[in-house]
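The same chain A turns up in both complexes below, where it pairs with chain B and then with chain C.
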Partner chain A sequence: MTSYYEDSARGRLAGLLDPGSLTEILPPTERVVSPHLRQLDTPAAFDDGIVVGEGRLAGRRVLVAAQEGGFMGGAVGEVHGAKLTGLLERALDTRPDGVLLLVESGGVRLHEANAGLIAVSEVMRAVLAVRASGIPVIVLDGGTFGCFGGMGIVSRLCDAVVMSEEGRLGLSGPEVIETTMGVEEFDSRDRALVWRTVGGKHRYLLGEAATLVEDDVSAFRAAALALLDHKPDVSLSALEAEHAALASRLERFGDCRDALDIWERLGVEEPERLPILDTADFLATVCDRRA
Partner chain B sequence: MEILTYEYRGGRPVASPPPSVLVGVVGSGNLEVLVEPAPLGGLCRVEVQTAAVGFGATWQAVLDDVFARHPLADVRISINDVGATPAVVGLRLDQALDAFAGGAQP
Partner chain C sequence: MDLTSLLNRLFPDGHEIAADGVYFDGAGRVFGTEVAVIGTIDNTPIGIELAFRMAGAVLEVVRRHPGRPILLLVDTQGQRLSHRDELLGINGYMAHLAKCIDLARRNGHRVLGLVHGQAVSGGFLATSLLADRCYALPDAEIRVMNLPAMSRVTKIPLERLTELSASSPVFAPGVENYRRMGAITALWEGDLAACLAEALAVPTDGDPRRALGEERGGRQLARKVADRVRHDAV
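On to the complex of A and B.
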């Protein structure tokens, strides 16, 4: 068992894909680095914090991208975003069985400001184009830095999100909420509060994560493989159904002050024990309780 | 940021080196080391980009030790550093150069 949470982007890809099958596009030796960081007198990474390429998953042809949270929190800069957009656009030409995004990102790289924002919007457009062409885009979220900001939006534009309990998914990250709204609104140092609000278990209960897996690279691999046969449905009726579901969710839980209130309303007995259950026990406990 | 370059002579080339080896991450207290074979006429060249300014003598001392342990020739070592301690730098270079000489990506 290899912890997905603790592994690097390259380590995760090595464990996820069939051994030796990864062909990296723009590898570190190409030295396509951020032009902005140098102007700011800051060391750049040779791959700008993202690995993109082609590989095989149990023999199936996939395109993959893996963000390295250790470099600037996986934040999206101009080159980083262009690599992601280019990979997605490549899917339109090469028609793989799926695109896997190993997301680990705090959002836009503030050093690159508008270039990073534009890059994220280009990624969003590219994700939707790939889905519209019938190719599933699957997000894996279980890294140390979670998945927030622009990449949080990107993730929810995809066909499915696979999370571990350790993964986090949201728009504004906990520190951002605390900084802008005050510690009374959200205490980012309260780990239990953070995880029960944006962590994998809660996202699974709300239906935002399609699959919840153990913190194990091979568990992510199995979940990603199972989702490759999920064909995207971007029809108008599917989108309207999604909007209706979101509206009813807001009506059902909009007045809840804490995830515990939501879990209770979902009919979970003793909701306060959910955070301490291991993944298998958790899934057994909530199997018929998801929103 | 500071850019430093060091060159060493007297090493031996690796017989069948891998195309490249990359270890580490450009994060606080850490560094990324990229090792590639290069036709440098027997030189081992180390290029460092570091966020910590003014530690040239420390880099020299650490790299002297590393070259004593791994006397390689015709190799280009590129480093992006965010204030890693000398011990971390030494361990990362050992990791990278072991993989390079062993011919496998770690």
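On to the complex of A and C.
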């Protein structure tokens, strides 16, 4: 068992894909670095914090991107975002069985804020184009830094999100909310509060994550493989169904102030026990309780 | 500019646009073309209710008025920063809105954005920035985050950030920087109805922003890098 949470972007790809099948595009030897970080005397990375390439998953042809949280929290800058957009657009030409996004990102890289924001928008357009062309885009979220900001939106544009309990998914990170709105709005140091608000278990119960797996690279691999046969549906009726589901979420839980309230309303007995259950026990406990 | 003046200048032939608090929608006419309008005022933060409501309005246009162009007039200081919105999955609501806008595009609706007040980060990403083309009034403000918050997050002193903001198009808030980087197609001044009619007449295909940013000197690498990743043999 290899922890997905603790692994690097390259380590995760090595464990996820068929051995030796990854061919990286614009690898670090090409030294395509951010042109903006030097202005701030900030060190650059030769891959700008993202690995993109082609590989095989149980023999199926996939395109992959993996964000490296160890470099600036996986934040999206001009080059980082352009690599992701280029990879997604490559799928339009090469028609793989799917695109896997191993997300780990705080969102827009504030050091090159405008370029990062526009880059995320370009990634969004590209994800939507790939899905509209019938190729599934699958998100894996279980890294140390979670997935926030624009990448939190990107993730939910995709066909499915696979998370571990350790994964986190949201829009504004707890620190940003605390810094801007005050500690009484969101105490980012309250680990239990953070995990039960943006962590994998709650996201799975809400229906934001399609699959919840153990913190194990091979568990992510199996989940990704199972989702490759998913056919993207971007029709009006699919969006009307999503609209109805989001209406129902607002109606049922709009007045809840804590995840525990939501879990209780979902009919989970002793909701305060959920955070301590291991993944298998958790899944057994909540199997018919998801929103 | 207040909303009434803005709408009168965009739609001199008349409009039926109803406001409900900070939200408004309806339709206006410009040189004989009906245009659906969806927007907000007062730099409003976009929380889950507002994102949901705008998504519903887009779906309604797709259902009831096939092909009708959509003009997004969203004035926002960004996504609502709240524990409760995160708890309910605000990123999913924002993504849903973005998907609805893309659905309209794919179903033949021209989607335009006009930034008339503020456009900030998540609230911008899920709305006008996803339009086929986004425009701005010259006195509008576009940014990711205010400088003090940025300073706290990046640990770069505020003085340094302020200094860089004076010169760097990548860093500083402002519509002109976003124009140089390709995200804002053009600034609308003078006869806004003529600007709108002209924008509706221009054919759109794909995402032109990287090429525009390169041409205008605001983003030198985005197009080249994306093209290499798309086309390089491996």
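By definition in this document, the second predicted complex is superposed on the first by the 291 of 291 C-alpha atoms of A that agree within 3 Å, B and C clash if a C-alpha of one lies under 4 Å from a C-alpha of the other, contacts with A are read in each partner's own complex, and residues count from 1 in each chain.
Everything below uses one rule, namely that contacts are C-beta pairs under 8 Å (C-beta built on N, C-alpha and C of every residue); 3 or more make two chains touch, one makes a residue touch a chain.
Quick caveat: nothing in here was measured; it's all calculated off a predicted structure.
Chain B and chain C, once both complexes are superposed via chain A, fit side by side. Once the two structures are superposed, chain B and chain C can be ranked by residues of chain A touched, with C on top.
Once chain A of one complex is fitted onto chain A of the other, the partner contacts of A:Ala45 are limited to chain B, with no touch recorded for chain C.
Of the two partner chains placed around the shared chain by superposition, chain B is the only one that A:Gly70 touches, whereas chain C remains out of contact. In the superposition on chain A, A:Thr29 makes contact with chain B only, while chain C stays out of contact range. By the touch criterion defined above, A:Ala82 lies against chain C but remains apart from chain B after alignment on the C-alpha atoms of chain A. Within the superposed three-chain model, A:Arg10 lies in touch with chain B and out of touch with chain C [touch as defined at top].
Touch criterion not met for A:Ala226: it reaches neither chain B nor chain C.
When the two structures are aligned on their common chain, the gap between the nearest CA atoms of chain B and chain C comes to 12 Å.
Residues 1, 19-20, 22, 25-27, 30, 32, 34, 36, 49-51, 78, 80-82 of chain B are the ones that touch chain A when the two sit in their complex. Listing the residues of chain A that touch chain C in their complex gives 23-26, 32, 35-36, 39-40, 52-54, 78-79, 81-83, 85-87, 89-90, 93, 108, 110-122, 124-126, 128, 132, 149-150, 152-157, 169-172, 174-177, 179-181, 185-186, 197-198, 202-203, 206, 208, 234-236, 239-240, 242-243, 246-247, 249-250, 253-254, 256-259, 262.
Note for the complex: chain C touches chain A at residues 48-49, 52, 55-56, 59, 62-63, 79, 81-96, 98-100, 102-103, 106-107, 121-122, 124-126, 129-130, 143-145, 149-150, 152-154, 156, 160, 164, 168-173, 177-178, 181-183, 207, 209-210, 213, 219-232, 234. Those residues of chain A that touch chain B in the shared complex are 8, 10, 27-29, 41-46, 49, 68, 70-72.
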